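We call the chains A, B and C, going by the order they appear; numbering starts again at 1 in every chain.
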Amino acid sequence: MKTLAGRIAFNLFAWTVVLVTAFPLIWMILTSVKPQFELFRIPPTFWPEQITFEHYVRLIYETPFLKYMRNSLILGFTTTIVVVVVATLGAHSLVRFRYPGRERLAQMVLFTYLLPSVVLILPLYLMMVWLGIANTIFSLVIAYTTFALPYALWLLRSFMQGIPDDLEAAALVDGATRMEAFVDVILPQALPGIISTSLFTFILAWNEYLYALVLVNTDEARPLTTGVMSMLVSAFNIEWSLLMAASVMMSLPLIIIFAFLQKYLTRGFGAGGVKG
Amino acid sequence: MSGNPLDKRYAVLGAMLIAPTVLIFCAVIVYPLVSALYLSLFTIFTPTLRGSFIGLGNYAYLVNSPEFWRSLWNTLLWTVCTLTLQIVFGVAAALMLHQNIVFRSLARSLILFPYFVSTVVAVLVWRWLFNDLYGVMNHLMLMAGLIKMPLDWLGSMPNAMISIILVGAWKYFPFVVIAVLARLQTIPDALYEAAKIDGAGAWSRFVDITLPQLRDVLVVVVLLRAIWDFKEFDLIYLLTGGGPIIATQTLPLMVYKDAFGLNDMGRASAVAVSMMLVMLSFMVLYLKLAGRGERESQP
Amino acid sequence: MADVSFQKVRKAFGSAVAVKSLDLAIGSGEFVSLLGPSGCGKTTTLRMLAGLEFPTEGEIRIGDRVVNAVPPGQRDIAMVFQSYALYPHMSVGENIAYPLKKRGVGRAERDAKVASVAATLQLGALLDRKPRQLSGGQQQRVALGRALVRDPKVFLLDEPLSNLDAKLRAHMRAELIELHRKLGKTFIYVTHDQLEAMTMSDRIAVMHEGDLQQFGAPMQVYEKPANLFVAGFIGSPAMNLLPGMIESSGSGLAFVRQGLRLAVGAGGQAGQKVTIGVRPEDIALGSGPFVATVRIVEPTGHETIVMADIGGQSAIVRVQPDTAHVVGSETPFAVRTSRLHAFDSVTGARLDLAFAPPAS
């Protein structure tokens, strides 16, 4: 890439690849602002001839979309809070305490992190029915911990292993108890890791489909994933621009995270996702 | 452990901190896992949840069931193909994004986005792209003269299998990109400069320096992705539902269908357990690798 | 009065034994260095004293209190870590104030004490900065300040100077000596750097493979190393260790090895395997009864180090810079027998052997 021409050519090539990859998402946004009739043009128009937000308005006023969104938000935040609190305590214990069985436990966490949901889903379904909490958001929170907790634990454990042991030792010598050292020193240091883990957990919960499909079949508790799909299935004729508008709305939290908190995502990846 | 009271107090505190995790694990993971094994020995009618013990009957049925073998074959085919594409595109894109291109961080975000977007969104968009009448895919291919008639992307074979493999590759290759990119950034520039001085060209620098440095991370990524692709449900279920007929039905889909379509939870559990047994080899391999890496990184 | 004592302290991590059976009594106000190569157990010893590790067996006392099960914060100790272990999210002032805060010292008193410590260590202008905005030397001072502010009975320092550059290290060494003199508190200082140990300590505890090898004043350790390990470890360049044998020689005994024969005045018995130790400054090249071959000559300016071959073994000799030695040439040499050390080659223990001055 020494010559200017070479640089330009490479940049053009790279950006073509990037845009082709991103095309489905660009197309989603474009479709969502086209009037319904424009979708049926042959050949299709690329830029909308006329930009309209009618689909978004309809989505909000004429469909249960907002209800699904509220469910998804409750589900996402509850799962994240429960999982991150439990996992932070657990990871701290796995990293800084010595007791029998600790290594086994860490291994088990990794094992469950790889476990397929379909193995657990049938017993969980029976469990929810038996407990009488099937068809509630709460049942989904419980189900989501099955994948979110091992994941968060593993991620946080990696982050916490990166905090030098000397910091806790210094706090102990300075007069802190183990719990005070955790609160005063470890937690502030783990904060970026906790933020990363929270974001990942939230995204996992936000995007989950299978458990929501099996455990919930009422609009009262249905999150966005199954809710939007039910809009597709129940519609007499598929209104693609409406669905695309729903897809855009559904991706909003991700877009926000990407725009403002991306460094936490990549950091989380480095810590736990790949290193294993 | 020594008999030091303080040491013991610390151990108790440590155990208390991990206790919520252990309790939740037992309730929502260990118990269901064991009971999945147990359920697979029954025949259970889903709507009433009544059943009777049939021992290994479900497994015997599966061994003789062409549908099971077909689903296993589909699972393997899908895993191998989509994984290969993910690795190839992932490594290529990572190498590309590692170069100094304009608006690199924006390019990176755009490439990563498919991985983070909900499968539901990905599937809706792709179904719209694949739409037989108004879909862009058909239109572009017609325009390019590659096809004469609009294709039925999801409803016929082998198109359906190819489509899910492609969408799978699109959705999950960013995982490879992030992993490889992170590793690329840790390769010291001095290595490349030394190779340049030794007269190595761009290609031999890639083969002799980059690839060996990437080997470890690629092994981990391949294993992880293999495990995750193997158990993929959402993407395939939402794109084709396993169809046409069972042409793209993988094992996770078969579990779902047996349990809630054919209303036999026992047999569904048997499929799930069989599937896990196949995965177990990958999982054990990964656990071993991860364990090794861990020991190496500790003093 | 002993301020800190270890009684038969043993520490094992699983099957690995870090400290074997340590007996050590450190007097009040003493500056003691734990010296040894890495992995010798010196840091584990210090961490046990701090309460960060627990002894597998034995007793540790601070003052007259057994502290085995006392949490670190209640041991009346302060510690400076090799990594400094400053709390990155706290400012310098908050770092120094933290130990006081954990002891429930009120805000006004806290501020006053922090200000006074900061003044001593010239940190006054930096109190609002975060540790990462400081240079290595400044971070070091903050770590020191956090220890000082508590006014503890015992200071523990774990290789506190090893991350500083050479010049700063020399400076901080002097400051630590001054500080110790001023405070009059017990300092226990872990280091692998013998120069630090020699210059700063009242006494040095030399450790190796979990065992205490020798515990004594710096000059005592230097002049009378208790065994082969200490002999080889203390001193730079290291003492030359030449193995040989005691043989009868006429009416008396002699230490004999290839290229060397020294009459023994007292002690020893024929047939004993003995290693003698000669410091580089105790070999005189140029004249004498023995012959060495010059291998390498390294002038350093104020002196010249010569590596010479004595009967098949290379030895290091310190000579005046104005003497010329030709590589490859043979040169006569003599040893100062009054300053020879002798050790049992098998056990490594120091032998009480007197060598007769060379018959001239």
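Everything below uses one rule, namely that a contact is a pair of C-beta atoms (placed from the backbone, for glycine too) under 8 Å apart; a residue touches a chain by one contact, two chains touch by 3 or more.
Being a predicted model, the structure only gives us computed values, none of them experimental.
Ranking every chain by how far its Cα centroid lies from the centroid of subunit A, the top place goes to C.
Two chain pairs, A-B and B-C, are compared here, and A-B has more C-beta pairs in contact (counted per touch definition above). Remark: subunit B and subunit C have CA centroids separated by 56 Å (rounded to whole angstrom). A straight line joining the Cα centres of subunit A and subunit B is 16 Å long. Contacts with at least two other chains are made by residues 7 of subunit B.
For subunit C, residues touching at least two other chains, in rising order: 51, 71. Subunit A has no residue in contact with two or more other chains. Here subunit A touches subunit B in the complex through residues 1, 10-11, 14-15, 17-19, 21-22, 24-25, 27-28, 31, 39-44, 86-87, 89-90, 92-94, 96-100, 102, 105, 107-108, 110-112, 114-124, 126-127, 129, 142-143, 145-146, 149-150, 153, 178-179, 203, 206-207, 209-210, 214, 224-226, 228-229, 232, 240, 243-244, 246-247, 250-251, 254, 257-258, 262, 265-266, 269-270, 273-276, going by the rule given at the top. Of all residues in subunit B, those touching subunit A in their complex are 1, 7, 10-11, 13-15, 17-18, 20-22, 24-25, 28-29, 31-33, 35-36, 39, 49, 93, 96-97, 99-102, 105, 107, 109-114, 116-122, 124-126, 128-129, 131, 133-134, 136, 139, 143, 170, 175, 178-179, 182, 217, 220-221, 224, 227, 230-231, 233-234, 237-238, 251-252, 255-256, 259-260, 265, 268-269, 272-273, 275-276, 279, 283, 286-287, 289-291, 293. Taken together, the subunit C residues at the contact with subunit A in this complex read 47, 50-52, 71-74, 77-79, 81-83, 85-89, 98-99, 102-103, 146, 150, 156. Across the interface of their complex, subunit C is touched by residues 164, 166-167, 169-177, 180, 184-185, 188-189 of subunit A.
Listing the residues of subunit C that touch subunit B in their complex gives 51, 54-56, 68-71.
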